[in-house]
Amino acid sequence: MISIRDFSREELEYIFDVADEMESIYRSGTDVLRGKILASLFFEPSTRTRLSFETAMIKLGGGVVGFAEPDISSVKKGENLADTVRVVESYADVIVLRHPLEGAARLAAEYVNIPVINAGSGAEEHPTQALLDIYTIRRELGRVDSLNIGILGDLRYGRTVHSLCIGLTNYDVKLFLISPELLRLRREFLEEVKKKVEVVETDRLERVIDKLDVLYVTRIQKERFADLAEYEKVRGAYRVDLDILQRAKESLIVMHPLPRVEEIDPEVDYTPHARYFDQVRYGVLVRMSLLKLILSG
Amino acid sequence: MISIRDFSREELEYIFDVADEMESIYRSGTDVLRGKILASLFFEPSTRTRLSFETAMIKLGGGVVGFAEPDISSVKKGENLADTVRVVESYADVIVLRHPLEGAARLAAEYVNIPVINAGSGAEEHPTQALLDIYTIRRELGRVDSLNIGILGDLRYGRTVHSLCIGLTNYDVKLFLISPELLRLRREFLEEVKKKVEVVETDRLERVIDKLDVLYVTRIQKERFADLAEYEKVRGAYRVDLDILQRAKESLIVMHPLPRVEEIDPEVDYTPHARYFDQVRYGVLVRMSLLKLILSG
Amino acid sequence: MISIRDFSREELEYIFDVADEMESIYRSGTDVLRGKILASLFFEPSTRTRLSFETAMIKLGGGVVGFAEPDISSVKKGENLADTVRVVESYADVIVLRHPLEGAARLAAEYVNIPVINAGSGAEEHPTQALLDIYTIRRELGRVDSLNIGILGDLRYGRTVHSLCIGLTNYDVKLFLISPELLRLRREFLEEVKKKVEVVETDRLERVIDKLDVLYVTRIQKERFADLAEYEKVRGAYRVDLDILQRAKESLIVMHPLPRVEEIDPEVDYTPHARYFDQVRYGVLVRMSLLKLILSG
């Protein structure tokens, strides 16, 4: 479970079907994974992803060990990742790994005989986020095919964006990529996506807002701009508020991987468009589905 | 479960009755809360309170997720508290929150549909500490009414003191407030307490020690004094040792919210007066009682 | 469970027999320790040891509370160790303590009425590491008696080395102590070991490699050398690689307490000599054995 590229449409749909079944276990718990242990290895901080996996494991009756930041691990003593995961292999039945380096999860998986779930590595991949994003669309709109899906913000560096784009190429969707020039999807990646689905690029949300069924918002980080004046110029144009939503379809759903800073106005929370907190709950269901499929055979 | 003010005497007594029943579960465990999850969100470090809640939850058969300090959470990325708790709402059945800001727990509770237990916020409130303090008195002395209760130390800034005073106003007690002038209870707060119970203020423990049934000790922090010489002058006068206890009733119990630094002499640990470590155990029982009442309907 | 010195040979063998029985529980879990809680108090970081104990406890059905580094505990507020463990006594059925100070575990054990397991204190003792080391030898070679056991690296400061030497004095072994002059075992400690078992000291691995049944490798820390040139001179001589292993017995097993940095070449991992990752798994079995013996009567 390293890359969203490892999944066919059929596999995605199967994971989502099992996620649907997790709804009742989510409420009452089960002990189907009693005696199983998930190792939660976070070499970068991430409350949401870590707690989501841990919750999913506990709801299924399993246990959790791990660390939430690298300083408190023996990494401090200079141990390399290959050794760390080979040690942890003796403790756990599945490893959930978050790491700042590209390819860390794949490397880890090569060294151990237990499943490794990539919980974000480098800028490219965050596959379980993509799974829960697509599952959210399926749950909230009843289907993924034939939808107009806008992705807004930092398309160049955001790892959730990359995994989501690849995941969506399994469906018959139209993608609207909305970002400042500087933060557009990289060319070669864009070409790959374009081979599978129709893509429209724009630097103005207002030009496409009325066409969208889904608006997926991500943060634009100040640090990406060499020139701060440049940043100040664009930031307002990528903020979602009641104003811009007046031009949207009534059924538009607004999503966000969270945490948000100011790219979605808090007023939006109280509109029927907001789905970012539901997304969090769906994330637990999807991760329960994955853990159940991986660990209970 | 935000403020000790939310509880009537009847509610306190009911929580205490259930806490009594928790004694046997404390020893052997149960699975009444199987499948339930407590989110332990500590934006300030606190070993005791955090471990006490986590122990209570585990003894009842539930699971725990969370973080022990804000740096390792997505707070680092600038997420606000309202968003954090709305995310965590998808992971947990109850939130235990410790936060440096006044009103944080109440704000959190307004944003989510699951119970929020205030585990300390700002300087004013630490309601479960007050519950366990009063429960300790009830357990150790058989009643709370008609006792003379001394509270010693930093009455101005200590959050346990404020919650304890309010909690005790539900009973027919006489309060002896013992502190240096600089650290007296704030006037308006004192007036509120005085409306309900009799209060004696003094800056000398030796003047009242012989009257007390309970002596509740808190730390005096050096940092509170602009003039360090001033601190050096008072520190000895607020230290509880064998000497001063010779003038106390034989049945006096000495309590402390812990951690202590030097305000109780270690020799006192071996006297029959010492109850501060029993207090810790009663804290688990009270928190088990709360969690059971909140979560198992 | 403070020092390896507390164990007779019969007790060691009994722990190992129970560890053998833990193999199937390790795979499927049990709930024999349901309702029991292990407090994992790590005043120094240690991923492996902490996760190993937590895994052992969870596999047996128990729960875990604790902290992974001192900053997030009330130690920050100046609480002393005696108070900390007396508080934790109310939360847990057993304490696992790692502490930078010599004698910390013994001090802790004097203050509480629950078992304390020393998970490393100061430079002298790491008894459960010694248990798992000896258990690894027994499992992998079928016996401990009459073996030639080499211990390589920092024999002066390494705590695992001290506990291992003492543990091995319960058996009829021949010890080969291999280290640079500067890092030899301290004289008085050496004399103690020599009273029980035959000892050969050398500063050259190649002189004894062909005689060994077990080669136990530990790290040599740069910081131990006042003169860095001195360090550069010796480091190569204490590195285990395919070259030196060509002169070893076919049945030689290479062990390491981990984490390693560069003292074992990664190529060695793929030889049949390598046992350091198996050691980790045996560590869980030994700790399960200990916890079961201590907690389930």
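Labels A, B and C are assigned to the chains in the order they are written; within every chain, residues are numbered from 1.
To be clear about the criterion, a residue touches a chain if its C-beta (ideal position, glycine included) is under 8 Å from a C-beta of that chain, and two chains touch if they have at least 3 such contacts.
Only a predicted model underlies this, so the values are computations on that prediction, with no experimental measurement involved.
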Exercise. Connecting every touching chain pair, does the picture come out as line, ring, star, complete or other?
Worked result: complete
Problem set entry | Homomeric contact subunit B-subunit C: same or different residue positions, threshold half | different
Seminar exercise, completed: Expressed as a multiple of 5 degrees between 0 and 180, the CA superposition of subunit A onto subunit C rotates by 120
Exercise. Taking each chain's centre as the mean of its CA atoms, how far is subunit B from subunit C in angstrom?
Worked result: 40
For this session: Going by the contact rule at the top, pick out the subunit C residues touching subunit B in the complex.
Result: 34-37, 39, 63, 65-67, 71-79, 82-84, 86-92
For this session: Note which residues of subunit A are touching subunit B in the complex, please.
Result: 25, 27-31, 45-48, 51-52, 54-55, 58-59, 68-69, 258-261, 266, 277, 280-281, 283-284
